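Here the chain labels run A, B, C and D in written order, and each chain numbers its own residues starting at 1.
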Amino acid sequence: MKKLNIGVIGCGFMGRTHSNAFGKVANFFDVPFRPVLKTICARSGDRARSFAERWGYESTETDWRKLVESPDIDLIDIASPNDTHAEIAIAAAKAGKMVMCEKPLGRTPAESEAMVKAVEDAGVANMVWYNYRRVPAVMLAKQLIDEGRLGRIFHYRTVFLQDWTISSDLPQGGEGLWRLDASVAGSGVTGDLLAHNIDTAMWLNGQIEEVTAMTETFIKSRKHNLTGKEEPVRIDDASAFLARFQNGSLATFEATRYARGHKALYTLEINGENGSIIWDLHDLHRLQYFEYRDEGRLRGWRSIHVTDGDHPYMKQWWVPGLQIGYEHTFIHQVADFLSGLGSGAAAAPTFREALQTDYVTDAVLRSAVNKTWVKVAS
Amino acid sequence: MKKLNIGVIGCGFMGRTHSNAFGKVANFFDVPFRPVLKTICARSGDRARSFAERWGYESTETDWRKLVESPDIDLIDIASPNDTHAEIAIAAAKAGKMVMCEKPLGRTPAESEAMVKAVEDAGVANMVWYNYRRVPAVMLAKQLIDEGRLGRIFHYRTVFLQDWTISSDLPQGGEGLWRLDASVAGSGVTGDLLAHNIDTAMWLNGQIEEVTAMTETFIKSRKHNLTGKEEPVRIDDASAFLARFQNGSLATFEATRYARGHKALYTLEINGENGSIIWDLHDLHRLQYFEYRDEGRLRGWRSIHVTDGDHPYMKQWWVPGLQIGYEHTFIHQVADFLSGLGSGAAAAPTFREALQTDYVTDAVLRSAVNKTWVKVAS
Amino acid sequence: MKKLNIGVIGCGFMGRTHSNAFGKVANFFDVPFRPVLKTICARSGDRARSFAERWGYESTETDWRKLVESPDIDLIDIASPNDTHAEIAIAAAKAGKMVMCEKPLGRTPAESEAMVKAVEDAGVANMVWYNYRRVPAVMLAKQLIDEGRLGRIFHYRTVFLQDWTISSDLPQGGEGLWRLDASVAGSGVTGDLLAHNIDTAMWLNGQIEEVTAMTETFIKSRKHNLTGKEEPVRIDDASAFLARFQNGSLATFEATRYARGHKALYTLEINGENGSIIWDLHDLHRLQYFEYRDEGRLRGWRSIHVTDGDHPYMKQWWVPGLQIGYEHTFIHQVADFLSGLGSGAAAAPTFREALQTDYVTDAVLRSAVNKTWVKVAS
Amino acid sequence: MKKLNIGVIGCGFMGRTHSNAFGKVANFFDVPFRPVLKTICARSGDRARSFAERWGYESTETDWRKLVESPDIDLIDIASPNDTHAEIAIAAAKAGKMVMCEKPLGRTPAESEAMVKAVEDAGVANMVWYNYRRVPAVMLAKQLIDEGRLGRIFHYRTVFLQDWTISSDLPQGGEGLWRLDASVAGSGVTGDLLAHNIDTAMWLNGQIEEVTAMTETFIKSRKHNLTGKEEPVRIDDASAFLARFQNGSLATFEATRYARGHKALYTLEINGENGSIIWDLHDLHRLQYFEYRDEGRLRGWRSIHVTDGDHPYMKQWWVPGLQIGYEHTFIHQVADFLSGLGSGAAAAPTFREALQTDYVTDAVLRSAVNKTWVKVAS
């Protein structure tokens, strides 16, 4: 099997999920390339070395520019905070590397557009880690929708509910908490959580045309870890919007980190003339499916335990009834990417596709400020 | 509409459910007879009068023998404790009255057999209040089974779990607590709860041939309300048995009042070659139905919300999605009884059918004592 | 017990729920007045007579004006279509009758305001049938919120999802289908369904200050039953809005009759700093409750089966674990009304309270047209 | 980190789960030894080489005796069919290797006893892969029980329901189907599935004292893959038993491969005076927990999503709300084994503990034949 040398930048939460994915994919999937964990890059050499030992990286690096230029590396994977995405991705593309990037692409449409231009100008393979597309149950939903089983679509509704920032004692900024620092993250839950909802929604249901939104910052100031001082919170703690899709369906979107009792409750529902689908991340193997064609008195939401050999990705894992987890969505995404490389097909979502999600989040944030409906760019 | 004069004996819990059923049935069902709440009979005249006022009975009685002999009464309904069932039912049948009796029939097979003989000798309409057959979802299950949709049956499993007698401070005997007094109740959970499980099971799945059982009395003595003294508890607090049905399927049955967290969790499950069904009383409108003929990747347990117009009994109530409750099972049973009277068809279960349940509970209690498998009489 | 003579106008769906409530309340609740089903009024004398026989009304009437003037009647209950509410209510109030009215109050704020003025000028007892407040689980939620157990509220989300108008073959107008005729109904799902969501939401969480909304009519024309011709559909088939409450919390509301697979799925969720609550009408006895004070590793959503004697209203019914249904919410509302009469306390919601809901639905409909945020009147 | 050289025998389903566990454990857990995938042993050299390439084994072997004798190997892991367990384990122990063995230990108590004697005589570390103990939710249940939170235990009920052998076209014997061949497997669902239920049950609730059981073989003959002929099926397709635990609690156990609609539905429930617990494998992260000490009106089954940092094992994985899967139970078991090696503590269950499960399955099988209660050996 051909090898593909991977350089990963960032050894936080996403550094772990990506490393695991590159390391495990060939145990379970028949892929045309075997990823090699070549180099891990982090600002702190100690941290990089410790991470390298744990995950089996061959070497470490503290300067991402060197990594990007290194002839030993085939693919640059960006798992560092949002404010680094654009610069690294553009440099990597210019250096002719394949590029994978954590979502969202950039902090602003301008950053994202530059990133798209860079990879397209360079003609390098590229992909954004919208991992939830690769949950087997979500992929099954995609199949059903693409087969037209739902008929005309009327409604889409989706939320991403968390509760981990309710305490006002929680600081902002720095290691593990940069998601609360607007200068690093770009936005709050809109870019962090709603971006997932939007990516999946457009993948399943097509373009979003216009939105009206509302955002809120419940805790107005928090201690900043880098300055040590109480500072205004500039991210959105909660964000909700109404939308119209190009296909005429209506949608509600909501994300928050203030929904007490929910840890990472990403849910989606789509209602069509002939059928409906519900899914949620807390029970990620279940696809709730309603089929109107069923005999009337026997119609009911089917709770499909998506763990069979004829379900997406599941043939590679265990036997019916036995679950996989969150990390596997990343493994699936790498498997699809590698297969795509082998067959010449683009992996999804590409930078260009992910840019469209950034256009929606941008429209949402502007609508919330202007208190008007906003058309989504494309 | 022709009138049917009802005399109800007992104004406890079951006196209420029956009175409500007789009073309400003609508001919702097109029945050939309209029940008239003629006389309520209770040992205490005060209690009878208060009950009569609340429910609109025309008169009261304290001596059930007078009620049974009264020419004003068409139907005697026995809602009094188990130790009174046989004597009243036999006298009522001899007096030529229709007889309805709360379950179980008698405290022993001998009592039950005498009751069956009495109603059959007299040729009077008769019925036992195994009300759970008339839950719409359970009736739908019956339809599916009778249509043969499940194919060959392999398994039946059913429990009835409660937790209201865990405290050792709870006394036994007297008003509201006679179910803990073996001399009145006949047995504990075997006759009180398992009898329901058994009735439904045989109705759905045919005869039970043999059983091996285990019973337990966790609290060995309790204060007796009538004597005022601590006395041995002689009922079974918990009862479980394995069974083989005539059709070759295997079963597990269990009932207890010591299952912390469950109030009245009556559940049943039946597994056939082509399909399976699950139901529970705590969510009584839901029928869980699995159909193997569904396309493989889309197979799942359907959660059927049995509230549509084409579901059993539901056309008479509200609109899809809106629930009915426990009391409605009694209304349905009266509706079926009255329709049966009109059409000449026997209502179910008759005393004879209910006798078979008593044969099973008797076998269970003997098996628990003898620690052997016991064949069920028939 | 004192009697209260009831005259009910309308013998459709709501005529049935109200008649049942008046008829059953005294069987189960200790109320200071016993309602008497005095007169049923319908345009068709045949229909009125048939209804009277089924429900035990003493007399019938075809002209509501005569009923309103009748000295035999203490209370006028309006269960007829929306376009009759204002005229009848105002006349009844002027005649000095107590008035109950199906929701929504009027078709427009102007109608509703006139109704409020009429009952307040006349000083008569009045109530609007927002029955869902009286689901035991919803009332328990109210208790918890009023006790302050949830702490500062961040979010409220609620939907009312149905699927019964998806077929384009369904006509509009006439018996049973006037809800699709804007001239009779006033609006579509906004007034029919969202009004319930809004009433409960403001009862639980206070005033709604401003909204941004979107509505849609998916099927643009339907045959009209009264004209026999295909005519434009002028109601909203679906309606969704974002809202801000006076207490600073954010909300999403949505109602539709195009959510395939849902019959009458009214759900609500409220997230506070210290706890959260979820409820839905399809499993109406379950209150999902999350309490942050629970020990960390043992925190989880509690599925409370609201059927115990210490739960709202349930002591009057059966025993723990045994359910009641949809119709009981109306019985509870009558019980509360009668108790309120006895004690002199106003029953809720009064016409004035219900008017506030109409202000919100009006703001929603205007926002959908203007595509702007709209402040709610008060 | 010290290395531990692993030799795995068998590259079927269990060869994969074990290899994955050895390979992944050090990425996530801080263990004192890093397992090295040294040698994979299979009868077919081709199969072994293909497996070695996929999983990164350094070498392959076709003769397990050579592997057992190899000085390069520290630990022999037995992942081959049941009829090979005893011989290999005894030889490995005699060669001074640590030994891990798939469950059940032997096909008969005699085989199992010899295996226990061998590892104890040799004084080598040993462990049986009863992996379900290491589901985080199950481990949390263990903690709660050990803390005494449930109080006196009354009931235990557990099932393991599958449906994969219903078709009579399914053959028996050979690759992947040896579980249907009694000479290889020892028994049917009793040893394959119920053994898991029994292991967990005794770990949570103590010794089982006596049982009464029933087994059935629904399909009496199947084509045998090795002989090519239709041959009698000698395994039990279904097995159920009643049991009494030493602590006085009652239990029901059932396993089957004929429960249409269930894939691998391993469930357990335990009812104590003060609390109850429910868990099932199809939603493995959920622990249903009922606590009687909660305020009465707010008591309900808590659905604990066992994915937090203070839940067993979960700190090593992702963030709250994000799931792990089936394979992780094996990783946890290796992590515990390695930690035990480091600290000198025995890992659980040892061969000796697992022997007790075999005594129960043996009693079950004898009871089913004799139709009597059978005392369990110890």
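Convention: a residue touches a chain if its C-beta (ideal position, glycine included) is under 8 Å from a C-beta of that chain, and two chains touch if they have at least 3 such contacts.
The shown structure was predicted, so the numbers you read here are calculated from the model rather than taken from an experiment.
Between A-B and B-C, more contacting C-beta pairs join the chains of B-C.
With centres computed as the average of Cα coordinates, no chain lies farther from subunit C than D. Taking each chain's centre as the average of its CA atoms, subunit B and subunit C sit 36 Å apart. For this pair, subunit B with subunit D, the centres built from the Cα atoms lie 42 Å apart. The centroid of the Cα atoms in subunit A and the matching centroid in subunit B are 55 Å apart. Under the contact definition stated at the top, the residues of subunit B that touch 2 or more other chains are 262, 299, 301, 305, 308. By the touch rule above, subunit B contacts subunit C in their complex via residues 13, 17, 19-20, 23-24, 26-27, 54-56, 162, 164, 262-265, 281-284, 286, 305, 307-308, 317-328. Taken in their complex, subunit D has these residues touching subunit C: 140, 144, 287, 289, 291, 294, 296-305, 308, 310-311. Touching subunit A in their complex are the following residues of subunit C: 150, 154-155, 157, 159, 161, 163, 166, 212-214, 216, 218, 238, 240-242, 244, 248, 250, 252, 254, 256, 258-262, 271-276, 290, 292, 299, 301, 371-373.
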